[in-house]
Amino acid sequence: MIVDGRRINSCLTLAVMHEGDAITTIEGLGEPGNLHPIQAAFIKHDGFQCGYCTPGQICSSLAVIEEINANIPSHVTKNLTDQVAITAAEIRERMSGNLCRCGAYSNILDAISDVAGVKA
Amino acid sequence: MRSFSYERATSIEAALQAAARNVDARFIAGGTNLLDLMKLEIEKPSHLIDVNGLGLDTIEKSPEGGLRIGALVRNTDLAADETVRRDYGLLSRALVAGASGQLRNKATTAGNLLQRTRCPYFYDPNQACNKRQPGSGCSAFGGVTRQLGVIGVSEACLATQPSDMAVAMRALDAVVETRGASGAKRSIPIGDFHRLPGDTPHIETELEPGELITGVVLPPPVGGKQIYRKVRDRASYAFALVSVGAVIHPDGSGQVAVGGVAHKPWRVEDAETELSKGARAMSAVLMEGARPTEQNKFKISLVERTLEAVLKEARE
Amino acid sequence: MQFDKPATTNPIDRLKVVGKPIHRIDGELKTTGRAIYAYEWHDPNMRYAYGYPVGSAIAKGHVTSIDSVAANNAPGVLGVVTTLDVGDLQKGKLNTAKLFGGSEIQHYHQAVAVVVAETFEQARAAAHLVQVEYAPEKGRFDLRVELVNAGAPDPSTEPESSAGDFQTAFAAAPVTLDAEYTTPDQSHSMMEPHASIAAWNGDEVTIWTSSQMIDWWRTDLATTLGVDKEKVHLMSPFIGGGFGGKLFLRADAVLAAFAAKSVGRPVKVALPRPMMMNNTTHRPATIQRIRIGAEKDGRITAIAHESWSGDLLGGGPETAVMQTRLLYAGANRMTAMKLAVLDLPEGNAMRAPGEAPGLMALEIAIDEMAETLGMDPIAFRITNDTQVDPENPERPFSQRDLIGCLKLGATKFGWDEREKPATRREGDWMIGIGVAAAFRNNLVMPSGARVKLDRNGVVTVETDMTDIGTGSYTIIAQTAAEMMGVAMDKVAVHLGDSRFPVSAGSGGQFGANSATSGVYAACVKLREAVASKLGFNSADVVFDNGEARSGNRVIALAEAAGEDGLVGEDTMEWGDLTKTHQQSTFGAHFVEVGVDIATGETRIRRMLAVCAAGRILNPITARSQVIGAMTMGAGGALSEELAVDTRHGFFVNHDLAGYEVPVHADIPHQEVIFMDETDPYSSPMKAKGIGELGLCGVSAAIANAIYNATGVRVRHYPITLDKLIGGLPEVA
């Protein structure tokens, strides 16, 4: 989920520690008939199978794009002092905290790249 | 997870007093390790003191020209800090090699130093573990040890310290600043902060009960090529089999710390005099006295080969 | 409907909807958090209580006493049900290990109690207060040690086969290979833990659960609870992954049912992640010996494949030799499986059981043999292709385009750029490419469905088929739309409910072909009902555009349905076409890896799969099945291993930090090509399975690519860096 603009693991924090925080979950992005563009992209690219990890993948995707735009470096960032570029490698590395056992990774990357404007 | 009470501390003094009132209390900051261990009842605090409101979340220049990092600076923010990226690239690299984006957004500088071992026997309450239950024995001994320690180990414990950040800080000669239960300030060099297991593996750091980490100070920038090389089975989101954090100067001298091999970030200053002779010479001294198991003896040559790769990269 | 003759032209062949790249009809639910999985079912009128399981701390022995006083007195606790309380229960016929009941402990983390409380947190806290005393017994935990005690498995598993005279031919062959390969225990590790809610109403129980096979679960749960099957109602409309781990009744459902009965409230039970690896099933480890003899021109004259695996008493072997009976030619052959008794958790099916670990070994052996012969590994495979079952040459394959897959893949992948082992370098990366054949038998299962047509012209399909991420909802809707001549938005699909006709379920890559065939059969019945009601001759009615047409009469389906609507229901049954014709699916996997010259870390750079698997019902969902399987194969090749503590008898790395499945950064862009194929012997859909084929051979292709990159041949999975660095050159 996204708390005050940052993605975190909901299972590793206490609700009482977030009094007054702005929290966005998958339900807050879009709904059937009125999808957020990232939700539509996941459907278009079949970026899920069983669907169980999908809310996390989608919320994480949005935050990843924001993190890159905010020039936060990652393990695959070539030069720490340059502006971070939106590349497939950056997205893959940053999405690695979201496991998908169905193995939809290749399609998820396509979905995120589509929304972020990256050539996959 | 046992039931516990919770309070938000509003000042360092209040936090210290709260800890002094309750010996079972734990400070909670990011909580990413503590809450996991509480669910498994490996950690069983009766009281949590939330220190997130203490304002220890700034990064500023130290009077000596180094950097003072607040205990509550998030891993993401520390890795992204402009000064850190420019002058302490090793630290930034080590941070982003660790955990996942979600975890780095919560995890703090102090919490990262205090994260506990990932030894699978520590995580399974059915198995004997001297770290979890002093005196119960070490079921890792003779068991599955591929991930575990090879040097500085004891009969009582084979665990490793899993932090990437701590390896970088060890190579960078960081100093941990604390406030004791009485309020007294203390500075602990990072090399003294984590302990070897000996026969008390449950005591992992030099911190006294109720002592609070307030920050970490880095000395003035040392320059050099700063490289953090983490070796793991998966490409991301995995603990290190071996990691090497190094500052290599143009004259071939440098500072090197190794992760994934010991109960603390492993650095032998005497070994660094061998650095100019190459990776083999240095790692021979660095890993002298290693006691690997059949399953993890590969880590000895992996340290050497990884160091070799780091030195090669530094030359490029 | 009985399918006993090859399919001729039928309404599916119109391909107006079937075969089209249609996005998942459940996509909006899954991408908006509206798909409801077992544990999340919430009826505001139900007062749910929460059950938390306690797992055995020992691997073998008996529970001597359980003290649950402290747990019972803990805040919020409603009750504790222990394995001693419920006593011995009749085991479901499809389970090897018992799930609950009685004092005997057969494996680590076997459920011994469930604590029920008002909240999840209260139940979890109280579960730690349950004191269990054990009388441990010595167990057998090390497959290598138990090899000497391994014997022939049950004859029903067909443990041996032979043709010609292997020993003589092998001894005479000018070029031979004799090597041992091992594959480790692997974990399904689906993202959704096993979870159930049980709610009793009198003597009837409703279970919301996560099951691949509704009727199997229902039957075995009724047996275990000692109630009539008709009193058990199962619901499983969304399943967060299964991979074989949810084929058979699991402890969460049993515990929930006993707990709910005990406290008189609906109870939710999920297996905590650290319990999943040891409480449930896993893919058993294998030790395999492969011998191949060939002429100098590359023709195989002798081939033998033996496999040893272990399981609990009464369990079965990992059938790792099966593909070797069919994949390559050779007049003299033998296969054999041996089974050792191990007191580890139950070994059972995981995605492509048999073929997945079998090909991990066989396809390395083929690569090695090709190299020994000085042949290109693709040419070697083509030389030894067979169009008939090599053990029974009178049985042809219904379709077999392994050669086509290999050739097309080679062209698309740039196979001709392959160099000698350990020659290609890019910076610090040693680069290699590898290939393996993919092979998985096509299985069919009886499958039923009910199809309703209402006064609005909406077609509603009801079947207990499950969608475990495979796309069942979508391809079943496509099938009904094609058969009834309606648009996709006029079809509703309801799955995973035991009140619906019994289907094939999801497993063995039989689900898509079998379940859509069941829907086909039901639609044939519904078409007849429409024709009959309209007084049309059913043979010449055309269903199209929401209408039924016969001659110059055109009637809207909505009108035909009338106020009462119409229903068709049937079950597809299978004749002996699978006996007269060998039905299998084929493919070729191509992989490029880089191996770090210093550390031996392997990273996959490119992956391509070419598949020949009959008609592809939906290329979008089929591609997803294949890329997911390729990803699982990457894990199997490079990181996945349940590490056995051979002293205490359990899988040590029993969580997702210790058992490393692939992450995003491990997987490159994946290419999938489907051969244009239909198989009239498989079903009226002319389709076959694809979900397991995608896994078969992937790990070996990676192993072969690593060899090509480094010149280091590793025969023991996973191929981690510690098995490579001893053979890598100096860092320079």
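Residue numbering begins at 1 within each chain, and the chains themselves are lettered A, B and C in the order written.
In this section, a residue touches a chain if its C-beta (ideal position, glycine included) is under 8 Å from a C-beta of that chain, and two chains touch if they have at least 3 such contacts.
Just so it is clear, the structure is predicted and the values come from calculations on it, not from any experiment.
J.: For subunit C, which other chain has the most distant CA centre?
T.: That would be chain B.
J.: Counting C-beta pairs in contact, which two chains come out on top?
T.: A-C
J.: Distance from the CA centroid of subunit A to that of subunit B, rounded to the nearest Å?
T.: Inter-chain centre distance comes to 28 Å.
J.: Distance-wise, how many Å sit between the C-alpha centres of subunit B and subunit C, to the nearest whole number?
T.: Those two chain centres are 41 Å apart.
J.: Scan subunit A for residues touching two or more other chains and write them down.
T.: If we look for residues of subunit A contacting two or more partner chains, we find 92-93, 96-98.
J.: Please list all residues of subunit B that touch 2 or more other chains.
T.: In subunit B, 235-237 touch at least two other chains.
J.: Where in subunit C do residues touch two or more other chains at once?
T.: 662-666
J.: Taking the complex as given, what residues does subunit C use to touch subunit A?
T.: 23-24, 26-35, 37, 188-192, 238-243, 468-471, 620-621, 623-625, 627-632, 656, 661-670
J.: If you look only at subunit C, which of its residues touch subunit B in the complex?
T.: 57-58, 75, 121, 124-125, 128, 274, 428, 596, 598-601, 603, 638-639, 643-645, 647-648, 652-655, 657-658, 660, 662-666, 718, 720-722, 725-726, 728, 731-732
J.: What residues on subunit A touch subunit B, complex-wise?
T.: Touch residues, subunit A against subunit B: 6-9, 11-14, 16-17, 60, 63-64, 67, 70-75, 77, 80-81, 92-94, 96-98.
J.: Which subunit A residues qualify as touching subunit C in the complex?
T.: Touch residues, subunit A against subunit C: 25-27, 29-33, 35, 39-40, 42-44, 46, 48-55, 58, 76, 88, 91-93, 95-109, 120.
J.: For subunit B, which residues are in contact with subunit C within the complex?
T.: 1-3, 39-41, 118, 120-121, 123-124, 126-127, 139, 142-144, 146, 229, 231-239, 241, 279, 298, 301-302, 305-306, 308-309, 312
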